[in-house]
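Labels for the chains are A, B, C, D and E, by order of writing; each one numbers its residues from 1.
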Amino acid sequence: MSFLNGQNMTGGYGKGPDILHDCTVAVDKGEIAVIVGPNGAGKSTAMKAVFGMLNVHSGVVTLDGEDITKLSPQARVQKGMGFVPQTSNIFTSMTVEENLEMGAFIRTDDFSDTMAQVYDLFPILKDKRHQHAGELSGGQRQQVAVGRALMTQPKVLMLDEPTAGVSPIVMDELFDRIIEVSRTGIPILMVEQNARQALEIADKGYVLVQGANAYTGTGKELLADPEVRKSFLGG
Amino acid sequence: EDIKLGVIMGFTGPIESLTPAMAAGSEYAMKEVSDSGKLLGGATVSSVRGDSTCIDAAAASAAAERLITSEGVKGIVGADCSGVTGAILANVAVPNGMVMISPSATSPALSAAEDNGMFFRTSPSDARQGQVLADVLMEQGFKSAAITYTNNDYGKGLADSIASAYAAAGGEVTATFAHEDGKADYSAEVASLASAGGDILIVAGYVDQGGPGVIRAALDTGAFDTFALPDGMIGGALEEAFGDEIEGSIGTVPGSESANTTMIVEAISSETVDASGPYIGESYDAAALIMLAMQAAGSSNPGDYAGKIMDVANAPGEKINTGELAKGLEILAAGGEIDYVGATAVELIGGGEAAGGYREIVIKGGKITTAKYR
Amino acid sequence: MTYSLRTSLLFLLMASLILGEGLLVSWNSALGILNFGLISAILALGVNLQWGFAGLFNVGVMGFVALGGLAVVLTSTQPIGEAWSAGGGRMILALVTGAATIVVAVIANNRLRGRARAAAIVAILIVGFVLYRFIFDPAAQAIEAVNPAATGYLGGLGLPVLMAWPIGGLLAAGAAWLVGKTALGLRSDYLAIATLGIAEIIIAVMKNEDWLARGVKNVSGLPRPMPYEIDLQKSESFVASAQSLGIDPVTASTLYVKLGYSLLFSAVLILILVAAQLALHSPWGRMMRAIRDNEVAAEAMGKHVTKRHLQIFVLGSAVCGIAGAMMTTLDGQLTPGSYQPLRYTFLIWVMVIVGGSGNNLGAVLGGFLIYFLYTKVEVWGPDLMQLVTSGMADDSSLKEHLIASAAHMRLLTMGVILLMVLRFSPRGLIPEK
Amino acid sequence: MIDFLNGLVALSNFVLIPAIAYGSQLALGALGVTLIYGILRFSNFAHGDTMAFGAMVTVLVTWWLQGMGVSLGPLPTALLALPVAIVATMALVLFTDRMVYKFYREQKAKPVILVIVSMGVMFIMNGLVRFIIGVNDQRFSDGERFIVSVREFKQMTGLREGLAIKTTQGITVIVAVVCVALLFWFLNRTRTGKSMRAYSDNEDLALLSGINPERVVMYTWMIVAALATIAGTLYGLDKSFKPFVYFMLLLPIFASAIVGGLGNPLGAIAGGYIIAFSEVTITYAWKKVLKYWLPESLEPDSLVQLLSTDYKFAVSFVILIVVLLFKPTGIFKGKSV
Amino acid sequence: MIVVQDVHKHFGGFHAVDGATLSIEPGSITGLIGPNGAGKTTLFNVIAGVLKPTSGTVTMDGEDITGLPPHELFHKGLLRTFQIAHEFSSMTCRENLMMVPGAQSGETLWNTWFGRKRIADEERALRAKADEVLEFLTVEHLADHKAGQVSGGQKKLLELGRTMMVDAKIVFLDEVGAGVNRTLLNTIGDAILRLNKERDYTFVVIEHDMDFIGKICDPVICMAEGKVLAEGTLAEIKANEQVIEAYLGTGLKNKDMMEA
């Protein structure tokens, strides 16, 4: 079984209809798994389900073999899961540096190294470290959000569209860094609309359609599938 | 037969700390009468309370409405504050032909209210007290004074009448400022009053509202050290709060030599009722008048006994003091006449309001002592 | 349960509460509650217009209600000729001077730039203020000196009292326009406290400007649109018809008058409710909801947010003003000291929230229900205490203490009920769809 | 020169010192309001009654201590009772939060719902306090009343005008400054403080960062309870304890918090002083001071008062509105939900 | 037709836009690119009247529109979308679109009371139009969903949809593509081209996806540090050393794009 496994999840928001139907996503140590699919397919919902922010009325989520289906999101954070949501993913009224500190909230060790690494990765944030994050540009916010998650030094990292709105050069660096992180043995599960680039580096790819798995394969396989390319990757 | 009387007072709201004792005062009179077994051949009297809130005319009218139409009261002691009293009178009492005797609504405006002969009060209109207080001030040699009053019809009316009487008597009013009850801080008022100066500060307020706050601030800043205090300010709370700090201050309260409230105060004082406030005697008297008038008319029907209230309150007749209600009932039953004196030397004039004898008080040794009666 | 079924059931429940009051307590009391319930419902509609439709946090309701009340005095009482001749003309001159000062200052603010602007405005204001006080003070004194115990004010226009209702609305609308022009740039709780402050200012003026409406000395005996009960009791035909119905004439007269008010108030409520419903379910309502949801986007989509805010603020306040005038008419007197934020602002808000903000029917229901409870808890509080203490020994001091504090159960009971209602339907009884 | 000093002393005695003390009292109350707004994001109407409750416990404990013969020398005994009262108030607010607010938090109710709910809580607390201690004025201050009294001051300086500084005024000002400094440090420098701000900013994300929201809420209420008790007690010591007045304090307290900028502790302090000073100074009658300062020929015989004190409250609101017109979220750029 | 002349926008000491000068030709689809924080969105906000420039002017067809409020610009035919979606969250997606057109007769109170008939007719037309747009954006099934409860990408689609509800002269699109599925983005690109051709809309498009820019934009303007760095066809821009260094980089994505 994979390190992080969301198995046959079915569920939805509050009392509303089910969004996910028997959906499975999983990622193993050292792997990058990418979820792609049309807007509203349930990609973000699947991520939230794995993180325990949703009513999942059937299916299980396991982390490192342990069943965590019933745990609260906080408890999952304590277990070493890191997550960057798609929207409202920064503390707008706090400075950039405080945002990063909050990423390291559960850490009790000295995290100045990690912070330096984040600043290396996103130099612009170093310049703006004392500025309120709410005053940043769209792309800069996204960098703060990813930086915050990296600060956690998680055992598994989940990213919902980390590259939305970031410039090509930063996106490249971000992907490089994600590869690097995954090489240290941290599994990475991400949703991407810059799907071709993402699948390029993915060990595993999921195509979700209407809350269900439509295609699954390695990144290369999916990229090579003309049907997938045409319908979901923009040709 | 059990006769119900309504007691409508502001049990919640700005004068909520005065009202329990007032209500208890009137209920004490009812108990006295019930115990005597002499009213209308052995009727008992019980009270039904209603909350006037003191400020919310609608709520007060609703409460009165309930007492009359559903509880079936035969008379009302109340209301307390002049504003709600006027509203109940016009909206409920007059339309339903209900007798209403207020112990504490002192606004001169109520004298002119359309009451169809149904409204009386046992407290004098403020116009009279102004005159008395001015006399006291002049006699004691206070030639100039600043005035502060609680900003409602009672305070404003009283301040107006004090100011004009005092000026007519040759005194100088250096300034007149209102203070709002229940506010957190009176520095501004005291600062301006101090600036105006004067031999004495007249505080026409309530002893458990803004009044003590103003006095406290005036004392602490050394702005004034003697005060002239009309009825609303006289109460045990005053002694408790200031003791001999206001030594030599003077005041006036409705009352006369022959009348006394001590007995009532002692009877109703308990853990839960603080009987140091004003208008307790007036409340007792209001209830007593209603019951005596019923006896005189031989009926508990408001329409029948309303006309008798003036008769029992005024001469001619035997004087009836506090605690002598049984005696009064007996005399009336026998067809005799009484002149009710009660706790506050009741004397009703004009449209049914108290003529007002006054007790002049002075603070001596930290206690309220009687100087003389006027 | 469907939405409309739920709504009908709730209104049915409300109606049966009032009917129950009539059957079990007295019809007078039931009609009394109904009448204030109607006024409360109108007030709640006014607040709901502002908050539910446009998200304006107006906590100055009390001020507009009071202005409506003032309108009754200014419209319906007889002018005091003596007071007018003593200082009427001069007073008008003073008010014109005051207004002119502000207008000139605003013009200066718009025309001038830089340091000159500040200097000019300060100069204009100071000169204007001194001039104003110079004209105003003697006028006020002269007017207030005319028979202060009974009049001491200018009096009104001597018009029929029903005219006071629309005039109350207009007066409130005018004030709201001024307030809106200055304060509507503020958001959420900042707007709230600003409006709260303005309401306090309005009350302060009404309390202290005796020449206007006698200040804290109150104006009582206002004319009313219904006949007096006494007169009815004296009218033979009325007594006869009452007796033929088997009701005693006193009760009949009080019921007759109350019923008359109920009809008048119902007419106003229905008019306003229908107008509000039509407006809400139209592109106008949609635009308002859009503005409430996201001002920036609405602005980018061509909606003039400031103008719309002002429009709805004025409208809502006018409704409050009308209700205020109706309430003063019903009371028969104006007592500025009785305007307390707790009763005239926050209680109304409770009505709106409990009823369901953003929903007109909810606001109406909330108005009735909360007013009903507000009057009934006066009775229930002590009853509750009796019940609580029934098991205790008769002479225990705790029992005595509890019974003595029963009056305070009014607010406590109110609080408990409020929390209960909001617990079981946190979005209000009839939530916005 | 002496005349000038006399005028200055009179001004200080009647205007500056009372305003500073009153301002500090407001500021302490506003700190609690501003904190709730900043972190739990609603205007807490029950704050005044929380203050009343805290002060009430202090009063009761003080009486008990006084009965036991315990005293603090020149300082009021109430200071000894304060810690007990703080703990009691914390227990009360935490209980309230459990029973009432938690539900709405979980429902993600709109702030205005919480405002109305807090009014319900206000009614209940209000009833509770009146129920326990009654509605009357209660005195519980003891110790030395004055640091400097008018008489002492006159003797000391030989001036005609006196100056009084009350012990409670001194304590209030010191406590207010210490409280705001502590709070500022706590929120901006400590981990817990930052987590509280993070929670207020974005609840969901705070969750994702491993911050325990219930803990944040608990800390907030505890701090607020402490502040409320301190504020209530100091106010009661300086004036007197009367439940109704605490409700009336709510309005100027809110005004202070708002004018300073909601959610900002420094703003609460600034706001408190602005409201207090505008109440006291604008309506001040300058006659007394000018008599000292102006040559005899120019001495005024009127009161030299801009506006009657009847309008003091109105004036402070006018100032508040003017400030907001230029700074729509308060002087220190507060939050707005 | 839009001319931006030496516009500066300072936040405190920070110069977000620092002397930008550019002009947008009528009928063109101008791409605006540049690194994160270059000042693109800020410039949009200045043009659209959300922010007042510190200095400089913006003119439209020769008329000075600097600092005009957004609602007036809307009525002059200038529309914009938001980078971070600004949906009307408690309204349905259909209502989100139906509220857009200006001068609806149902927006005056008087008509809501006395002009019900006219409103009903207008509403019917509007509704049809809105449904058409929703269908085009492939979200017709969401018509009656609350806009606050649709996915991130769907919100971005609503942003775009709003601009399609009226006849605009010029539309500013701030990263419509971010978070939108690439297949759908291609369709959107086609639509933009069509609107441009058939209805003569002018577009200004901020986007970080070079494929998309390449497909529809000419000319392309690259901003950096608040100034215009380069201007020209996409090919020219891509060859520009400075642009490569500041923005495009030479990494994976770029390679991928070159291959394509």
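FYI, a contact is a pair of C-beta atoms (placed from the backbone, for glycine too) under 8 Å apart; a residue touches a chain by one contact, two chains touch by 3 or more.
Every value quoted in this text rests on a predicted model; they were computed, and no experiment measured them.
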### Query
If we look at chain B and chain D, which chains touch each of them?
C
## Note on the structure
Counting C-beta pairs in contact for A-D and for A-E, the higher total belongs to A-E
### Message
So, comparing C-alpha centroids, which chain is the farthest one from chain E?
### Response
B
### Query
By CA centroid distance, what chain is farthest from chain C?
A
### Task
Report, in whole Å, the distance between the mean C-alpha point of chain A and the mean C-alpha point of chain E.
28
### Task
Could you tell me the distance, in whole angstrom, between the mean C-alpha positions of chain A and chain B?
76
## Note on the structure
Rounded to the nearest Å, the gap separating the Cα centres of chain C and chain E is 46
### Message
Two or more other chains touching the same residue: where does that happen in chain D?
### Response
130, 134-135, 308, 310, 313
### Message
Touching at least two other chains at once: which residues of chain E meet that condition?
### Response
none
### Summary
Within chain B, the set of residues that touch 2 or more other chains is 16, 151, 178, 272
### Message
I'd like to see which chains touch which, written out pair by pair.
### Response
A-D, A-E, B-C, B-D, C-D, C-E
### Task
Using the touch rule from the top, collect the residues of chain D that touch chain C in their complex.
37, 43, 45, 100, 103-104, 107, 109, 111-113, 115-117, 119-124, 126-128, 130-131, 134-135, 251, 254-255, 258, 262, 308, 310-311, 313-314, 317-318, 320-321, 324-325, 328-330, 334, 336-337
### Query
chain D touches which residues of chain A in the complex?
51, 53, 73-74, 77-78, 83, 85, 88-94, 98, 101-103, 105-106, 148, 152
### Message
If we count contacts the way the header does, which residues on chain D are in touch with chain A in the complex?
### Response
191, 194-195, 197-198, 200-202, 204-213, 335
### Task
Under the touch definition given earlier, write down the residues of chain C that touch chain D in their complex.
51, 57, 182-183, 185-190, 192-194, 196-198, 200-201, 204-205, 207-208, 341, 346, 349-350, 353-354, 357, 405, 408-409, 411-412, 414-416, 418-419, 422-423, 426-427
### Message
With touch defined as at the start, can you tell me which chain D residues reach chain B in the complex?
### Response
10, 13-15, 18-19, 22, 25-26, 130, 134-137, 139, 145-146, 149-151, 162, 164, 166, 235, 239-240, 242, 244-245, 248-249, 252, 276, 279-280, 283-289, 303, 305, 308-310, 312-313
